[in-house]
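Common to both upcoming complexes is subunit A, partnered first by subunit B, then by subunit C.
So, the complex of A and B:
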């Protein structure tokens, strides 16, 4: 018995001793005092306590660079331009930087530690990235596995985003899920509707965030949204537009179309191909039909790949419907949103008809 | 043979040659295979292993003889040695990062990799099993690390040279050919036997 007690005692003593030693070492060595971070040449500056990674330090100031892996240096999405104060490029960053990026001072924000004053450049859009504590105003079942959510921003706050961009929705802990988790969802409302954000969410079996949305989130509760992010938005040109979406991929297209109406863009013909399997998978149909009836530049073409009959829509896979709707694509631009499989197949069809790949824009859900 | 009578210098030389921890005991193979692709990195990792094993060998000797032996807790050596090694590497990493950026870039980034390196842990266990004195432990720790560094640098040199000059069967590329080379190196090191003898 006494052997057990001494064993446990000594082991605990060793652990406590080493922990104290580590804490002392951290207090002495891992502090870098107050550092100033300067963003976009003075557009915004703030003072922070050094020692943390640039990504976490910026997040502490409510400035959120996109990050897929959460700061483990395994995705390379938190790139930003460091003008000075970043120190040399670390070996852990090299795999994610091409020679051009290495030359121009692009760094991974999650690897770089703030040890002195740092001057960085980030896309101006990111300065508008914010965290919102929004109230869940309305949850609308759109199909058997898709819901529309409307979040109202806190009193007096507005959001600025480009139609087509996405936000991260952060789930609260529930059941066995102890950590808040965030996933990206495209905004489906128009930028003009700037006191609220609407999302379209499809239930993913065993999905951490979608399960929370479907089983736990209630109207009236607050939810955390971070954004806006993304490079999926309407490009300025005179080309004819092809929109293709499947499932919840309709969301950003809806935002873009509503925004075109708002901004009075009438000189560009646009056709929206919305792919689904069965009639029960279609939603927002009346809304898009009404838009098509009122605005001659817009055409709405849902397509069902299932074997149901007695509906007025196109039949067949969305790729086949698109293929038979166009000849050569010489003055077009395509915006796709859906599953990676659907996008891949559509890109093949479109480029096969002569559309250059750089005129095909998409968001891939994976 | 009385172990404690062996000169520390003999132990140091033996730990590098006849008793090379990697080539005779095959300890520390994971990072040995993973980092031996590139000569520069293997030099950095070799230096880091040498430094850590040089420091943790006497540290573990002290913990074992002054703490575990008096309390008759020798059976806790595995867990205690691992704790000591992990804490030491972490503190050293912090110090290096703070004090010297060039040193951090060449050596510091490898320290987290060797927190759980078998070579360093094996070194701590061997010095207990063989009943070394404090001074012998210092020599053994330095020798173990240096021997490991020698082996990885040699392998990295061979692999770099092979990439330029020889055609490896595709099925054997990577770890396959590295293991074969390690086998040849181990056989070559048998040639050292007879120079010194420590067990």
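So, the complex of A and C:
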């Protein structure tokens, strides 16, 4: 019996020893030297020291792929096409890649280690994504669980974005949260206001970044923002516009409407349906009322689905309000921003009234 | 069930501050394997499956989904509100991301309240994980079966 125990002990000790040896050897010898990263077939190339993840390596060159989890391999957002040099797909990537993506060389940049020259393809827009160290200029409570934040960019810096796009806000470590974490938030300010970025953020129960914003971030503090990202922006057409938003989904609509005013887009009638449950959930109402009073092409229709009475707004679910506001939708396009549930319900109503689905634009943040 | 290195890795991702602020384990000190085994035993004892439980809760969520946070009475009993949050939550098992937005359920008959989201239901259905004790999202399988009237599947069903 004692021989068996001794045998198992020796075997375990040898295994542990070998593991330690391998780890030490990797740390000492597994330097991959200088590797070249080629982006979009020569559009940008640079040399880096190998060994890091592709996501961090690119970030080190101020090239920021979208990432919702900060490179922990849990969000599946940082996808890019690897033409050469990525090695085999790792098991940690598989849950996030569909068969078509695996076939065409899509990889998770946070999992891929740079060990040799790598050639990748990314959307051209991402080349203009930047990191900003901005000062939190103003934090404004907008409702009981929504705050408006204004970040001022460093002296001399400006930002270019399309109204409707979003940025990633990076939280700092706090409490049990030991690493910076980033989450996507729509920009609510106009592109013309290019020395600052405004966001509208709703507190999410148990949310890593929103808890930081609500409980830790202070005016005057520096925060990291990365962007812009996203394909949600006003399309160039002559169609009448239907905007629909709920909660913090108001943010990109505000940016688009302010941008329309700035750019003098007055030939397209636009109606903004803003849905909430209670009066306490409405915000920026005076601002949108003032816009509607000044610009005849713009109408603002808040709607409350709760039981409160004695208010001037529409009553009912936003989908019902939209449904009774239009007959056939034959010369319209719609821009929606809110939760997947809200968007799904709105798409049903709009397409039911004849609006082709390709004229319904939305950003589910998914 | 054995606490494998893979379960160790998953349990590490369930800690506070990794994927969500409070994590998935609450004050539960037990190894993940033990939590899963105990909940599986409760589900088996009730004669139901994890999928049945997840399906029942998902059906309640569906009835409030299109109401944009307006409270609705479901089955003439449960007061249900589905929060309309944007964004996605990653699974600690590394197998997908699921819409945020909690379903909050109050049962006036028992005085109990429940909370879950799409990730909670995925963890129940695919992994038999009901969160650790003390977690805001902990759901006791036996209690779910009783309160929501989940009947054992018919033999061969």
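In this section, the second predicted complex is superposed on the first by the 254 of 366 C-alpha atoms of A that agree within 3 Å, B and C clash if a C-alpha of one lies under 4 Å from a C-alpha of the other, contacts with A are read in each partner's own complex, and residues count from 1 in each chain.
Basically, contacts are C-beta pairs under 8 Å (C-beta built on N, C-alpha and C of every residue); 3 or more make two chains touch, one makes a residue touch a chain.
Quantities reported herein were computed from a predicted structural model and do not represent experimental measurements.
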item: Touched partner set for A:60, first subunit B, second subunit C, both or neither; value: neither
item: Subunit B versus subunit C as contact partner of A:90, first or second or both or neither; value: first
item: Partner chain in contact with A:341 - subunit B first, subunit C second, else both or neither; value: second
item: Between subunit B and subunit C, more extensive residue contact with subunit A; value: C
item: Partner chain in contact with A:319 - subunit B first, subunit C second, else both or neither; value: second
item: Partner chain in contact with A:352 - subunit B first, subunit C second, else both or neither; value: neither
item: First, second, both or neither for A:220, with subunit B first and subunit C second; value: neither
item: Partner chain(s) touched by A:3 [first = subunit B, second = subunit C, both, neither]; value: first
item: Which superposed partner A:14 touches (first subunit B, second subunit C, both, neither); value: first
item: Subunit B and subunit C contact sites that coincide on subunit A, given as residue numbers; value: 92
item: Subunit A-touching residues of subunit B, taken from the complex the two chains share; value: 41, 63, 67-68, 71-73, 76, 79-80, 83-84, 87, 90-91, 94-95, 97-99, 101, 105, 109
item: Subunit A partner contacts - residues on subunit C that touch it in the complex; value: 13, 15-23, 65-70, 82-88, 90-92, 94-97, 99-102, 136-137
item: Contacting residues of subunit A [partner subunit B, same complex]; value: 3, 6-7, 10-11, 14-15, 18, 21-22, 25-26, 29-30, 87-88, 90-92, 113
item: Complex contacts: residues of subunit A adjacent to subunit C; value: 68-69, 72-76, 92, 95-96, 175-179, 183-184, 202, 204-208, 211, 246-249, 275, 277, 305-306, 317-319, 338-342, 344-345, 364-366
